Amino acid sequence: MKNYPYPMLQKPNFIWTRDTNRTSDIKVHEWIETAVDSAPDFSQYDVTILGAPLSKSSISTSAASENPDAMRDAWKYFGTYNLDEDIDLTQLKAIDLGNVRQHVTDIAYSQQKIREAMAAMRSHHPHTLPITMGGDHSITAELVKGWKEVHPDETIGILQLDTHFDLRSLDDLGPANGTPIRNLIESGTVEGKHVHNIGLQGFFNARELKDYADAVGLHYTTLKQARKKGIAVTIQEALDQLNKQVDTIYLTVDMDVLDIIHGPATPAAAPGGMYSAELFEAVQTAGEFPKVKAVDIVCLDPRKDIGQITVKNAVYTMLSFLIGFCKR
Amino acid sequence: MKNYPYPMLQKPNFIWTRDTNRTSDIKVHEWIETAVDSAPDFSQYDVTILGAPLSKSSISTSAASENPDAMRDAWKYFGTYNLDEDIDLTQLKAIDLGNVRQHVTDIAYSQQKIREAMAAMRSHHPHTLPITMGGDHSITAELVKGWKEVHPDETIGILQLDTHFDLRSLDDLGPANGTPIRNLIESGTVEGKHVHNIGLQGFFNARELKDYADAVGLHYTTLKQARKKGIAVTIQEALDQLNKQVDTIYLTVDMDVLDIIHGPATPAAAPGGMYSAELFEAVQTAGEFPKVKAVDIVCLDPRKDIGQITVKNAVYTMLSFLIGFCKR
Amino acid sequence: MKNYPYPMLQKPNFIWTRDTNRTSDIKVHEWIETAVDSAPDFSQYDVTILGAPLSKSSISTSAASENPDAMRDAWKYFGTYNLDEDIDLTQLKAIDLGNVRQHVTDIAYSQQKIREAMAAMRSHHPHTLPITMGGDHSITAELVKGWKEVHPDETIGILQLDTHFDLRSLDDLGPANGTPIRNLIESGTVEGKHVHNIGLQGFFNARELKDYADAVGLHYTTLKQARKKGIAVTIQEALDQLNKQVDTIYLTVDMDVLDIIHGPATPAAAPGGMYSAELFEAVQTAGEFPKVKAVDIVCLDPRKDIGQITVKNAVYTMLSFLIGFCKR
Amino acid sequence: MKNYPYPMLQKPNFIWTRDTNRTSDIKVHEWIETAVDSAPDFSQYDVTILGAPLSKSSISTSAASENPDAMRDAWKYFGTYNLDEDIDLTQLKAIDLGNVRQHVTDIAYSQQKIREAMAAMRSHHPHTLPITMGGDHSITAELVKGWKEVHPDETIGILQLDTHFDLRSLDDLGPANGTPIRNLIESGTVEGKHVHNIGLQGFFNARELKDYADAVGLHYTTLKQARKKGIAVTIQEALDQLNKQVDTIYLTVDMDVLDIIHGPATPAAAPGGMYSAELFEAVQTAGEFPKVKAVDIVCLDPRKDIGQITVKNAVYTMLSFLIGFCKR
Amino acid sequence: MKNYPYPMLQKPNFIWTRDTNRTSDIKVHEWIETAVDSAPDFSQYDVTILGAPLSKSSISTSAASENPDAMRDAWKYFGTYNLDEDIDLTQLKAIDLGNVRQHVTDIAYSQQKIREAMAAMRSHHPHTLPITMGGDHSITAELVKGWKEVHPDETIGILQLDTHFDLRSLDDLGPANGTPIRNLIESGTVEGKHVHNIGLQGFFNARELKDYADAVGLHYTTLKQARKKGIAVTIQEALDQLNKQVDTIYLTVDMDVLDIIHGPATPAAAPGGMYSAELFEAVQTAGEFPKVKAVDIVCLDPRKDIGQITVKNAVYTMLSFLIGFCKR
Amino acid sequence: MKNYPYPMLQKPNFIWTRDTNRTSDIKVHEWIETAVDSAPDFSQYDVTILGAPLSKSSISTSAASENPDAMRDAWKYFGTYNLDEDIDLTQLKAIDLGNVRQHVTDIAYSQQKIREAMAAMRSHHPHTLPITMGGDHSITAELVKGWKEVHPDETIGILQLDTHFDLRSLDDLGPANGTPIRNLIESGTVEGKHVHNIGLQGFFNARELKDYADAVGLHYTTLKQARKKGIAVTIQEALDQLNKQVDTIYLTVDMDVLDIIHGPATPAAAPGGMYSAELFEAVQTAGEFPKVKAVDIVCLDPRKDIGQITVKNAVYTMLSFLIGFCKR
């Protein structure tokens, strides 16, 4: 594969398409992987799928690095057609670029490669929407920085679905899964007032983090507040507000926003969180919004999963976003 | 046990009754099995319980064949008295006929025995309501055909609670767990317009299956639609509509209609599904409806269960139906 | 530790406080245990935490004896600050007294030690609110009796969140986890009409137990009834009613009140139960009520837990009560 | 079942026999349960099987009370014919008497019933060999005492296969699973010099217990010593020595004598223990010895089991003993 | 892939080769899959790997159908170089032909396709040695029959490593996992005297099966007998004897020959079996023997596996055979 | 704790001693933790225990960082007295120094702290023997380097019990768990000829690694070779040879040297490995050897453990070493 624009990617890329080798009249179409022999014309694709298998940057041990492949496996349990919306995702052209290469003992190097992967995508085929399967939440800082490198004049907003602020101190932890939003704010990549966090609840954020959020003007809506107003309405209002202020909205979904019964496989799985139906509605709403141009799904450790509940919820989340995307 | 009308049944039959061998003033009554020594007078029973332990006909490996015995075990965690409705199920006379004999390598033979068991029940004591514990969903086709053999002039309608249409091609799969409704339609046993499927959702049916459903006039209500209208109302409307068109309504509950958190033990467990409280309300509503004359509960693989969640939900489902039945 | 007033306690006591040994500007404070070298001045504490590790008195085998330590472990996943209410629990002074000593083969002796522990707390520092982590539900009878020994003239009411009446016969079972409320009524410690049970549902109580409840004037609200009225409203009404009749309200939370998906680790885990968000709301409401002066959380067997779901829910329950307590 | 001699037994009794309802020429015979309608002539049986489901007397929580039924279930995976020895166990007449009734909160009462069950067996049909499935090791003290009550003049010896001495203090623990041998010695039921413990190893006995063993003249052979000499030879020598001194040899097998890989389901599972093949050889050797007149298998908690390894090893152990018994 | 000789195969074929895309001086070579674009020249290969994913023919539910892919996954944990023998398997040319297509509800059709796959291999490239990953033991009957169809004049012998005779009645079970050896004898494919079964033990064969084995002159050596003589010596003697009588020796390894601690993932996992080191030695010995021309590994249900123990043992077994093969 | 010599340690230190607060005549002594309030006189201790909780340097995700605390928990299942050798470990004075502080995202920093901890121990109390609980195998390189920093003139030899050479390229992986021995050789800390690796086997080392080992004169004995000669003899010979060449022998035990059935919780768990009894004998033999002055136990990921098998084996390994140490 000469002249391939992705030297930082670990695996050859695949096109996700429908299975056509059934012989009966009623075929059951499923996503299948088709190997791509040489560098395709990426500009033809609506969506790219990328794996960012980094979780050494997690506060507690996490195998979120195994999530991209776990999601690919679980994907096979899903069809392409959504009955609720009568939409078939095969109307999109999507390509799986594989995983970013990572180093065993050099976390900074691994994060740089993730940043480079986003920069390469923005340079080579800026009209495709990238969906990144983490990895832990530290990757969000790298991906947004990679975007910013290619589009330095764009103002970027963040819609964050999360139980946590992720505003912990870089001095304590470095670029870890507890610090990405603070990382983006302190590095000047994103302004605090352009971040909307929806889903916070319970006993999982220190008071000092809320004080910091207030100080930088970060917007947040607790889960209880969002439920009172309606999840979709809350999302829509946050997007409408960002729409007036930023050029690009980046959607980051930390799977620990789910209640522990829906997301047992997150390192910080906790009671009191969002229900999966609420999350699906939230991301589909975001998917419909034209200015949402990139997505990531992070902090899912498949080794902690129970009966594949969390991984299947992650795939459903991704596909729900794409259903929204089809409705744009 | 001479002259026993059930040569196709594998196990001796039991009468489920209340435990009376406590000695204190406040007894804790529970379902207990009492062995039946000889063929009882079946005509005295309101309800029969039958096990149809077939799951070799499943698309993926399933131990749903072990479900009837798993449900019998879990039954012991339930009492006979329902506090919500102030009804004690001991007012019903119920008998467990045991499991249908199955062959190790001949699926067609096994399915024939299930058909014969239903036919025998309809012939010998037609006034009892049969509840069948599957097995996979392929048994529904056999049970309805067995009914039809004895009552060829009856028009049969189906109320299906399922995440799937189960309309896949017999040419592809044969009489498998993905094809029972199509099997019944193509064999002329049931008309498409007499099938009401409630609970469909998400990415779990190919577009072609919806097209087929539309072509044969099958009625379906997605879970989202049913929630908007109310689950009980949706069920009631489907029953009222069938009431005008058919002689008998057969209720089939595919446990995968539940969200994966409530039904982890189904081969196709998926997010986005029905909550258990919704299912209990749906079946109790159906139980109250006089024309609902047979029930099955299928596609529960106990080996996949987590903390007995699914099996206990299946028993609760069955007992909720019986509570409804008591209210007729 | 001379002159220590708790000879019946197994472990040295700890003060739960905030971690302060971080060095960066934004500290992440967590509950930490600090060993107490000598008997502190208990009168300064708002809340005591006690472990009552008895579950040999359970009908089926239960390791609820391991729950106090399991809750202490899971506690570390929680912070002190509650974002929903903007309250930091460090405003309370709390002390963990450790676990009550238990005997290997003498259940009556073990129960006596639990009774003595409550009596000692009431004698030595009656202004602190005791929270007891069970153990099975038999401990509630001992704890309330211990209270009554010190305050013989007080009228005690009970707010019980439970799937069961716990009114089974002492003649059958002795002081077991199925009998504590009956134990209190028959011993004259609490009147039946001063017990409010909220959360009953399904097939998990014999009709005779309801008849007994009716006979002694016990109040109960099924989960379905409570949901119709609103959980918080239901709790509030029960508390208001008790407020007129009793001096002290004792809150007992049997974790099996939760649906099996939220509470898989209870010996009697069952479908159809309360959602965790409902339980948190219920106990926070009770926490706000001045006359609620003691709490226990029982019947959680950590060995049955799945992904720590139940234990984390138990800690969230306890902390939600304390948030309510802060709002008094 | 009038005039039934076993009022202390919980379940009706069964005869374990061979399945004969296959129709082909080569039948696959398996143990099956056949219900016994009335009290049979017990004197015709060679062997009785008894369940003693007590484990509330265990130091740590144990569900060994569930072991008798777990062993009955696992038994179905075994045939009656032993290929190694060319012996079919159907040459023995065996009857399963069911489980001893137990009390929920009165351990002393439960132990008394176990003692009574052994006494009843010795009184009603002293020519059968009783095999008891525990329960924890505390039952051994009761069973031997029950024997002694009926045969006060007999001298009883004990062959113990165990990782532990089980000589801990009754003052500390009462009649627990750590004290049965000391219980028998201190009560004068058995003399210390008539106990042979084989299988001790590692770090699992306090030095004081060895000192006690030495003081009372108890014989012990560590696993390493037994391996040097040969397991069968070691057993044989112990039996030969006891043969000269006692009238009856009681064999007690604590399943924790196995290495943790063979016996993960024991409360004290430890590395460094016996291999299952060694245990089978040991008990078969004991089974051949005429003076071995009773057996128990204890301290197996099926809830801790992994892939049924321990329960299957327990059944294999019991059947190996019976193979030896056939060779007498 | 036109003119591809394997219409019955489900997946495209792969060449297993060494990874070469490391850049440092010391490369870590691993087996990798390389997609084969068109039908290769099969005659160049020493070994073919085939998956026969059939387990609907099992007596109890088995997911042995998932074993071929499970073994392919576990293979990645193994290198190509064997340190004990200083042999690198890359000296062999091996190709993975993928899995045989199977039908959902027609077991006979599925078995026919397996037979056809072996026949095709024998026809198209008879100089390669086929290794088949089952599936359950019923596939052995099909594979040997497929061989016989192409080589009708060859006399075939069988070396079977198994806890069971697999001689149960076809009248009872049909072509199931309990009947393959009897199937081959009764169909005249193999003579009873040309079968050597090594590893039988315990209580897992009915006496009638031994009588049948004796009647047809089948050779068997129990595990205890083999251990006395030495496993390798026993294997060698069986091979030497067969060498004089047959043209081809087919090696079939039923993974349940292993003790349950080494093979928990077999449907009939039992104590008392072979240790993995003994199995590896046995198959390596067989691998060295020139007349051993085909191998299968069967009855491994990966869903039952614990920590991948059994699947890794199966791969080690297969690779040990290949090490022997290299030493020919 | 002012003037405390261990600023890099995360937790306060404990003295492991015997429990004395039992009241009966026969006490059951167990290891207990006693908090140390201020810096003790370390020179009085024979042995220090240190936790090095680093596993971000592992090739695959590993929670070996949780092993030190897991071993401390499992330790409580062990007594101090060893019956086989009649030695009580309380004759040693041992102190647990706690865990080395680690950084979330800076692996090099974390490794430096481990190096510093060893250097501090060698400086402050060189007469104590340090035992380090890893962490992954990368820590061995740091610990030996820390030793060498304080004792630059000492020649250090390594006795390695391992399935792997751990000689992979630093260029590829950096200071990872696959490279420690090469790290030590290339950094000039240890000479290749002063390394003895015992336990290698199977398919788990690339041929190039063996070539490298040969090139640098590293000594290795495969498990099969060691078994032929005897494990203890093999160890003794390696020690005797090192004794002539080096000043200090460092023993490193990679738990993956165990067969997967004894060590399921290692990232590279594999069949064909050492039995636990062999490992215990090996380390006890090494413990007796005076020049063995430091030990580590690495690559145990407790999250992968099954029934605590591996963690208990690790503790047994450590205690067996100490028994040997007592015999010096």
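Observations
Read from first to last, the chains carry the letters A, B, C, D, E and F; within each, the first residue is number 1.
Keep in mind that, in the parts below, a contact is a pair of C-beta atoms (placed from the backbone, for glycine too) under 8 Å apart; a residue touches a chain by one contact, two chains touch by 3 or more.
Note that the coordinates shown come from a computational prediction; the quantities given were computed from them, not determined experimentally.
Steps from subunit B to subunit D, minimised over paths through touching chains, total 2. Between A-B and the choices A-C, C-D or A-F, the pair with more than half the same contact pairs by residue number is A-C. Looking at C-D and E-F side by side, the one with more C-beta contacts is E-F. Counting every residue number used by either copy at the subunit A-subunit F contact, over half are found in both chains. Chain centres here are Cα means. That of subunit B falls 40 Å from that of subunit C. Distance between chain centres (mean CA atoms), subunit C to subunit F: 44 Å.
Within subunit C, residues 172, 261, 306 each touch two or more of the remaining chains. Pairwise chain contacts in this structure: A-B, A-C, A-F, B-C, B-E, C-D, D-E, D-F, E-F. Subunit D contributes residues 167-169, 171-172, 200-210, 212, 222, 224, 259-261, 264, 268-272, 304, 306 to its touches with subunit F in the complex. On the side of subunit C, the complex with subunit A involves touching residues 22-29, 77-84, 86, 88, 261-262, 276-277, 280, 306-309, 312-313, 316, 319. Across the interface of their complex, subunit F is touched by residues 55-59, 61-63, 65-66, 103-108, 138, 172-176, 178, 303 of subunit A.
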